[in-house]
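Structure incoming, see below.
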Amino acid sequence: MFAAFLQYLFSGLTSGAIYALAGLGFAIIYNASHVINFAQGEFIMIGGMATATMVAAGVPLYLAIPLAMVASMLVGVAMEKFAVEPARNADVVTIIIITIGASIFMRGAAQIIWDKEFHSLPAFSGETPIAVMGATLMPQSLWVIGVAAVVIVGLWYFFNRTMFGKAMLGTSHNRLAAQLVGVAVKKVLLASFALSALLGAVGGIVVTPITFTNYEAGIMLGLKGFSAAVLGGLGNGTGAIVGGLIVGIAEAMASGYLSSAYKDAIAFIIILFVLFFMPSGLFGKRGTDRV
Amino acid sequence: MRNLMKWGATAVVVAGCSTFAGQAMAADPIKIGSILSVTGPASFLGEPEKKTLEMYVERINKEGGVLGRKVELVVYDDGGAGEKASTFTKRLIESDKVDLLIGGSTTATTMAALPLAERNEVPFISLAGAVVIVEPVKKWVFKTPHTDKMAAEKVFSDMKKRGITKIGMISEDAGFGKSGRDQSLLVVKSYGIEVVADEIYSPKDPDVTAQLTKIKNAPGVQAVFNFGFGQGPAIVTKNFKQLGIAVPLYQSHGVASKDYIKLAGDATEGVRLPAAGLVVPDQLPATDPQKPVVTAFKKDYEAAFKSDVSTFAGHAYDGLQIALAAINRARSTDKAKVRDEIEKTSGYVGTGGLVSMSPTDHMGLSPSAFHMVEIRKGDWVLSN
Amino acid sequence: MNLMTARTGGLAALAIVVAVAPVGFSNSYFYDVGVNAMFNAIVCVGLNLLIGYAGQISLGHAGFFALGAYGSGILTERYGVPAIVALTLSAAVVGILAFAVARPILKLKGHYLAMATLGIGIIIHIVLKTEAGITGGPDGMSLGNFKMLGFTIKGDQMWYWVTGVLLIFAVWLSLNLIESPVGRALRAVHGSEVGAEVVGVDTSSYKVLVFVVSAVFASVVGSLFAHKNGFITPDIGSFFGSVHFVTMVVLGGMASVYGAVVGAVILTLLPQLLAVVEQYEAMILGVIMMGTMIFMPKGLLPSLMIKLKSREAGR
């Protein structure tokens, strides 16, 4: 019995860590700009696809990874520069449509640049399952969890201990005030897209050995990442991680103990209930409206 | 706004006219219309199907066409959506005035297009799996792939042979897996096999160890049967190995492409599945009439596209060959005559097997079209 | 000449467009696309009340659309209920469901609201997909023509005219709603919810009202779509469907009834026009979406109207 429970938990942690990594990207851009970037999943896809195709073409992994990260970052910067920046003062919904347009564009480009097939990467440290009290875990799952942990610590340091990070945080709280005290708001926005695209790529690279990737892989990851970020409270990195883990574990427990057909629905019902009682998510700040 | 709407309307008209103009110039070609899921979740069906159709139409035209007429192919991408399939089918019938329809990569898109073919009396050869397409028989509708029911029967008879009586099923919740699961549950009892665990996953789930753990812990499971296609079965296979489940794993014909082995790697060792002769052309006995056909097709496809051939590409090939042969026999593109000739298809040797249709059987494949295949060291091994 | 602001003028223009468009239709495929465009337009006119006027986003309306479609499908095919009764019953059920979830959901703001409506849409989609015994599952279900009082709507041409009349009715209805005290209250909600509350507007009731109205619009169109198409799959209720509707509204122009119509028509026609460019379709669609929103952040129609007006003023 306990072994089964532990296995469900491992299954949930594996999915949850993937969702959490996706959710973090949403949190960063939201932090700096209050924009929800629906193309976040595509950054993940680009990271995974670029690395997988390069490795398949014979590029060594240690070279393919940084190249894919740079490629994804460039796409993020281009998106901010050419699509988001020009519409900065538009409505929230307008910007949402722009980012959805960007995601459709990136998917379309990916199927032409690469192809429509699924690609995989070899697991970083082999495929021998780790046995823990009757349950098993793949080493790659530990990679995903570990990378998520490193990223969250790194982000905490960046936002709280570096000047630029603080400037980003300040911009999110009050753009005008930040500008007045000398923060280059435009640069901050650009950096936030670069950072979250980079993070997306990292996520895409570590999850590809588990989930595989193709030009449409970003849709599901984006959706789950958005759910994780909202559940945790927008703009809160820790929230995104916790949100992702909750969604992942809820799905696994639901398929283990209730119904695997309804596991996704059960995860969404949990999210709805949390929002009914905590309208700003688990760790979100209660917003106040100015008249 | 009025201008905008008119702009839209005229643009459609222009688009329509240009295809009409194209038709007039090419001295009355034979027009074949095709709706395929070239993008979307079923793109690994639609993409090879489209490539195959295009390649062979080009080749046939180079060789002088059919009945001395060129063959013209019009393909629309339905993205796997039934509603789009329905509109595009209408467009093929009404605007492009096609003589015959091939396509419907998935059961849903086929079922959406089917009433239109029936109503407008256009011969329609579907490339989708589910048995509902041809049972009950619809006058104008045919199909080339094996049904999910045949696949299930093949798997269950193999299990029976090995004395397996209790199995766990894990199926994908999208069209192919869902329909396959339902058909499996219908026929499983007649093989004396009991389904003791019946689990579902979504095609894009990153991990299904929870479902597999439940199956593993179900009392008396002697084998696991997975119905699905795309990356899902590859993840199932990897998780299956991760959990160290000691019973045999059966897959459906949905994974009969090298991509599956590539994705799931070593975990595929020992996986058994029903597949058409196309995946093991070299291992077919020399007496097998399919051998030359599948060998040639595999060579053509892999030379042209530098990627491994899949049985889905074969369905499109069979559909096109059956259609063109029927047109040839009918000596015209008269829809009623072509339909009658398709129904009279007899002894056609295709990539899927031997096809002999009749007024009561619009698929015409016998169960022997399937071979049981086992994966050994990353390759298919015939195991009959 | 200022046709658009005068209610009757705008309606008359719309009626003329609907009546004249078939001149360019050479066969029933064109009518089919026309009907689909108008179906989407009706849903968007309803959704625009919610997004454009009340300022509340919904990423779940395809779910209501699918419930209407499946309600009609199941009631007429499995229980032999007359089509019009099935349509009404489905709309009533959807209305009640929307009412039940509206209060807790509409308390949420911005992206949290988007998430909640998205969740509801996805849950509906999963139920339709899973309960194959009733819905036919992912392979879809077929249903018959729309029959009413011994009269059968069939063929794309007849559907075109029926839908045309319904579209004009829907536009008229929503124009009336906007001009009513409800509409003024809604605009106050959009401007500043707290401000509206302070001056005594019962904001949450109004928001609930439009949410229910827009859901019922979607459900009714869903029912009609199901009969017209004769075959439905759960995917009509997917997340993409919802995003598609919102895109139509925003692209055409929020807070503009005719803008919603324009957006719906354009986004229904685009895939048909882009079908010829094959694999570049997605990239072009993405560029068009981004470009429109960057250069016309208020949406196509309002931005064009502003340009037109400023040119007239300059003359």
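Lettered A, B and C in written order, each chain numbered from 1.
Keep in mind that, in the parts below, contacts are C-beta pairs under 8 Å (C-beta built on N, C-alpha and C of every residue); 3 or more make two chains touch, one makes a residue touch a chain.
Just so you know, these numbers come straight off a predicted model, no measurement behind them.
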Going from subunit A to subunit B via touching chains takes a minimum number of steps equal to 1
Greatest centre-to-centre gap (Cα means) from subunit A is with chain B
Per the C-alpha means, the centres of subunit B and subunit C lie apart by a whole-Å value of 35
Taking each chain's centre as the mean of its CA atoms, subunit A sits from subunit C at a distance in Å of 31
Each of the following residues of subunit B touches two or more other chains, namely 39, 173, 200
Check: subunit C positions touching at least 2 other chains come out as 130, 279, 281-282
Where subunit A touches two or more other chains simultaneously, the residues are 111, 261, 264
Seen from subunit B, its contact residues with subunit C in the complex are 1-2, 4-6, 8-13, 15-16, 38-39, 75-77, 80-84, 86-88, 90-91, 93-95, 107-108, 111-112, 114-115, 130, 132, 173-175, 178-179, 182, 200
Per the touch rule above, subunit C residues touching subunit B in the complex are 4, 13-14, 16-17, 21, 24-30, 32-33, 36, 129-130, 132, 137-140, 142, 156, 229-233, 235-236, 258, 261-262, 265-266, 269, 271-273, 275-276, 278-279, 281-282, 300-301
The answer for subunit A against subunit C in the complex is residues 30, 36, 83, 86-87, 89-98, 100-109, 111-112, 223, 226-227, 230-231, 234, 261-262, 264-265, 268-269, 271-272, 275-276, 279-281, 287, 289-291
Touching subunit A in the complex, subunit B uses residues 39-41, 43-44, 47, 173, 199-202, 204-211, 213-214, 217, 230-231, 234-235, 238, 241-244, 259, 262-263, 265-267, 307
The answer for subunit A against subunit B in the complex is residues 4, 7-8, 10-12, 14-15, 18, 111, 116-118, 120, 127, 129, 135-136, 138, 207, 210-212, 214, 216-217, 219-220, 251-253, 255-256, 259-261, 264
